[in-house]
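The same chain A turns up in both complexes below, where it pairs with chain B and then with chain C.
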Partner chain A sequence: MTGTASGSRRGGGIRRGEARAGWLFVTPAVAIVGVFLAIPILLALWVSFSDWNGFRSPLNPNVNFVGLDNYAAITTDTGLDQRNFGRAVRNNLWYVVFVVPLQTIVALLLAVQVNRAVLRGRGFFRTAFYFPSVTSTVAIVVVFQFLFTASGAVNAVLGFFGINGPNWFNDPSGVFHNILAAVGVTSAPAALAESGPLGVTWWEWLAGPSVAMSSLIILAIFTTSGTFMLLFLAGLQNIGAEVDEAARMDGAGPVRTFFSVTLPMLRPTLFTVLTLGLIGSWQVFDQIYVLGGSTAGGTITTPAFLAYQTSFDDLKWGQGAAIAFILFVFIILLTLFQRWVLRERDPKGMGRGGRRAGRGGAADPRRHEPDAASAAVGADPADRALLTGADAREDGDAGPRDGSRS
Partner chain B sequence: MTDLSTRSVVTGDGGRDAASARPTRRRRISPKARAGLWTSYLILIGLALIYIYPFILSIAASFKTDADATQNPLSLVPETVTFAAYERLFTGVPFTLWFGNSVLVAVVVTLGRVFFDSLAGYALSRLKFRGRSMVFVFFIGVLAVPGVVLLIPRFLILQQVGLYDTYAGMIIPLLSTAAGVFIMKQFFDSIPVSIEEAARIDGAGQFRTFWSVVLPMARPALVTLIILSFQGSWNELGHFIVSRQSPELNTLTTGVASLVSGQLGSGNQFPLQLAAAVLMTIPVAVLFFIFQRRIMNTTAGAEKG
Partner chain C sequence: MATGLVITLAACSPGGNDGGETSGQDLSILIGSSGQAETDAVTQAAEAWAEETGNTVEVIAANDLVQQLGQGFSGNNPPDLFYMPWDQFQTYAGQGFLEPYADDLANADEFLPALREQFTYDDQFYCAPKDFSTLALQIDTAAWEAAGLTDADVPTDWDGLAQVAAQLTTDDTTGLVLGREYARIGVFMGQAGGGVGDADEVTADSPENAEALEYLQGLVEAGNLAYPQDVEAGWAGEAFGLGRGAMTIEGPWINGAMANDYPDREFISVELPEGPGGPSTFAFSNCWGIPAESDTRDAAIDLVEYFTSDEQQLAFAEAFGVIPSTESGSSAYAEQFPENAAFVAGVEYAQSPVAFAGAATAVTEFNASLETQGLADPAAVLGPFQENLQAAADKANG
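And now, the complex of A and B:
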């Protein structure tokens, strides 16, 4: 309603002022984002194709173009660099395999429980579950290090059950390897011991997350489930309690209702949560940095951290930038895939730009789904938060939908 | 799609039963449903304990002695309550400096984002100018860039323009985000244009109209933006790792991270680290509790993925 109304019936004089004001207004934001985001990416792209060693400017004439050498060093050339990259990919892959489904299930469980219409104290529970998402990763890691230290709280609790807990953050052994060891398999079968992708043997690929990485997996679930719980809550509230009641009256039990009615209707939200989780969990950096990166035999190093380490510690700038770009392309592809699917599914989504979604939200808040917002949002978790925020905010202001329930 | 099906189910079933179902619903809650509710409570209380206990435990441990914290990790009551960790934080560690830097950065970044993002969002939503859609596409594209791959690029550009290791280098790159612009644009799209038109007819210039008519109306969106910007820049770690190296420029995140890795000889002193974690959490926690309803209705918060 707004975009079309403004301007079209205006005279030339005002219009000229409008054009100037328009550019003046967007220039600061465009300049900041351009100079500190767009241009730097191009600069780093150049570095990833160069032999720059960190000395003077990467644009000085002594820096040479080396083609795909940096990319080859970490992917095709056999050697330590390739193996480090392979290990980082493996570490992160297991992290993703566990974090994405688990955080989704936990978030859904929390949302369904909190969403009960007759429940008292829902505000308290939502606060409790969401609070870890508000605090900084640094603080959370400090807390987790304390809890998961060898003689810490977690092992003390395990001790009650007669379990001898591991030395969590310092234990490099793979979880699957440990399970196999428990049944007597301690070394690789010949077929798996030889070779594997990226210089890492199949046996190592199949090790599972290390015990140290498992603590980070728990940390991730702890901190993100609250966030995704809110997304699911929004989805559940869009469905409304009536549907649930209708299904119950038709004689479906609570479990049946959940799986045959609620869950299918939550599918767009579910897809959003899964893909956001997927995109987010390939970007683990803060936790690894705070923990020192190469602890636990390098089993918690992720590609994001390896890119940093290779550049800033080992001063192999080209190689570090190359790792960052591989990650960059991969995450962009995931994001584009998500946007594409959500556009198909949700015609008022963000695929064609914000206008329609914005308008839809204003006109009829009930139709406003969180997916549209998240779909538009990129891979950066903070940005994502911003958008989802703005979106639901309209809902909150537009109607007492939520207020009537709490 | 989803909505249509929702409605048909609602009318198809609810319509028929509405009259008879409503009055009886209360009584129906009886035994079976009540049992379900109690299980719900049990599950929720159990889970809430898991989510809250670590924080309470950490606060308790920050008042313990080093030995006490290590030997009695589960106890909520210190053997002897000591403020030693907090004292050391303010005497042996430049904690006040870190705190000051974090406040400075977070406040300036928040103000900057509120101003620049709403300015740009307003222009993209309301003002007609050549290249507007191009600018919009630029921001949409930028949204997809994952923050974590910006570490090396940001370092390179700050070196290049000579802002590395300065407050300016820590602050300016964060002053505007595509997401913030996007939020504000969406908000302006959703409010009617009539009031500004009245102001324009009264002869107010574009900036005047924006500043004294539009911006006050945008309060709900601005509050959201303020909360998220403050929280985001307060908790930011990556950018402050690559934009500075002087210890004097440490923020709370980089400073406390150096405590954890034992760079300041604080290896296994849990009370000290926990005290730092508690203090650095207080500002965002206060913000969270003040704006709780709004945040929970709205944000997805910072994700640690």
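And now, the complex of A and C:
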């Protein structure tokens, strides 16, 4: 290896040998990725098309190719497997719908608060908010189990206010159903009683997260907000104080500054947080596993847990792998969709002036600073003229510092 | 030990190298332990055997038995001997994971018939039952006396049960607290003369089963039967220990649970009352599984014989409270622990809970429907149960 490398170095300007040397150097990494990632994924893909029952190797001669049977069993063939999959998707969908926005908002608010220079004991709060993230989920679930038992602390507090709390982790009723029941609607209207996608009725699809799942949603927000707070905090600290100052000079109040300057500048961070949040909440497993998975009338089962249960308990490994792959494709599609929604829009269309285009794209988030400041004061030509002046001054001020940093 | 010797000698015949050695083997034993007492007892027994026979053993207490078994088999490295839970047995046997060795055991004929049946698949007795549990009726003696009831009032039929449940119900205590799941409610189906059948014939929506659910629903409506969720308890034993239920229906594990968590609760266990269809209860058991075509087959069989001998089973019973799986062992146990005689008596008429491959999913679904819909309309929960079980049975029968 060294021979090749030093040989090519001796070759001076002739760089032909470098490609080979490069490959040689990345070989360990490629081998590790291959053995621990690529091969297992390919093997799982094969399993999802086979009738392997978990005995001996999935490549032994007794294992047959069954085409799309495993996928059909959970998607198109009417039956319990299909319904269980449908319900798992339903459960997880509501989980995602609540967890992702809420945890992002909470994380952002926490980050903004602990980023404020005036806050006393910032270090303490940063640590405190981050603490749940470094604690094992399993430990937190166990603590939550005690807090949320029928006679637990949460219900004791609710009882203090005269509210009769539910039996949290065991309550299978959907929260939307409960709200409807409060106004007297307890059974499905005829239009919703019919079977919807995946053998689950529309009425069940629209039930909302069950009370049990809601406790898990609270738990997820509690545990993950700290992690994402840290990401937002890093993003916020990348925004120089001069930007805030510029916005203030332009007459934007704190709320306007936040929504029109800070938030747009955090877009790359926001994308990261939303993507990680989305992937994480579609793969939720630990909490469900600790709680037993099929308690609360099957309303906390998620596809990830169902894949595990189908494989290990029912020994239907092909079907379990099929669930995992559907989940995989689903997450990829959602991430692409989200990427598209959060894409850098054509500046002209947004009426933000052509400055960004002039600056040549989005590679460095810090390059947007003046841009975002211009967004603060909107598209009014007069404003923009004003801004150009502010920009020029700011650029002049920040120039040397920027240069030394980048 | 004579039988062990015979096997040892037989194994020494030439060409006997296909799992035939009974000494010099390394055995790994995977157990789903109830606690340190069980792990220690099994480890001690296994080591005593190993020393006697010149093998080495390693006992591993699983965190999650089924998961670790599945992992072992799929990695082509299953343990040489393991606890095989009753609810997974038919799935494993049907997939060809298990060695059908039990008829080769010297004590094959001594196991209780109900247990033998539980571990028979395709007319082959696969694996030796390790021990067993049945369900019995637990009565809180303090509540019983407070209600002015005597020994003569111990219920023997459904009417009697309904009556004492009503008498035991007070403002703070429900007469009977029962887990809302197939594994408890199913005994009433059996007592009504029904049951959900097996893979050959599924009878979940029979009129007898509907009668059982109606009987229980009657108790619920009278306020004399509650489910643990309704009285803010995790399971029926907790409700019983907290005094929120004066009676419950659980297995011998209730003794350990009460001793640990509610040592002041005094209670007795009696046989379940008979229904219109006669007496019935459920028997739950694990067996000693050996993987198919195991290299250490004969040594493992020898160890199973050692583990399932009456002497050893009684030692286990003393150490961690299980009931021996053989006729003579269980009767010796009933004499030694008269407070648990009801559990032993139950095995005479016990049914096996439905356990064919795929049934577990249908049972989970049934339990969920009991939770969401209750028992008020038996047809609404039994109909889908029948449908799902039938679908699983069709699949299991190929």
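Basically, the second predicted complex is superposed on the first by the 294 of 406 C-alpha atoms of A that agree within 3 Å, B and C clash if a C-alpha of one lies under 4 Å from a C-alpha of the other, contacts with A are read in each partner's own complex, and residues count from 1 in each chain.
By definition in this document, contacts are C-beta pairs under 8 Å (C-beta built on N, C-alpha and C of every residue); 3 or more make two chains touch, one makes a residue touch a chain.
Predicted model only: the values in this text are computed from it and were never measured.
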Field: Comparing the two partners chain B and chain C, which touches a greater set of residues in chain A
entry: B
- prompt: Thinking of the overlay built on chain A, is A:79 touched by chain B (first), by chain C (second), by both, or by neither?
  reply: second
Task: Mind working out whether A:211 is in touch with chain B, chain C, both or neither, as first, second, both or neither?
output: neither
Message: Let me test your reading of the model: by the given contact rule, A:55 touches which partner, first (chain B), second (chain C), both or neither?
response: second
First, second, both or neither for A:151, with chain B first and chain C second: both
Task: Would you sort A:314 into first (chain B), second (chain C), both or neither based on which partner it touches?
output: second
- prompt: In the superposed arrangement, which partner chain does A:113 touch: chain B (first), chain C (second), both, or neither?
  reply: first
Task: Give one of first, second, both or neither to describe whether A:306 is in contact with chain B, with chain C, with both, or with none.
output: neither
Message: Contacts for A:297 in the overlay, against chain B (first) and chain C (second): which applies, first, second, both or neither?
response: second
Message: Once chain A of both complexes is superposed, is A:175 in touch with chain B (first), chain C (second), both, or neither?
response: neither
- line: chain A contact set shared between chain B and chain C covers 57-58, 149, 151, 311-312, 317
Message: Looking at the complex, which residues from chain A come into contact with chain C?
response: 53-58, 79-81, 84, 149-151, 167, 170, 172-173, 294, 296-298, 311-315, 317
- request: Going by the contact rule at the top, pick out the chain C residues touching chain A in the complex.
  value: 66-67, 70-71, 73-74, 76, 88, 91-92, 95-97, 229, 232-234, 292, 357-358, 360-362, 364-365, 367-369, 371-372, 388, 391-392
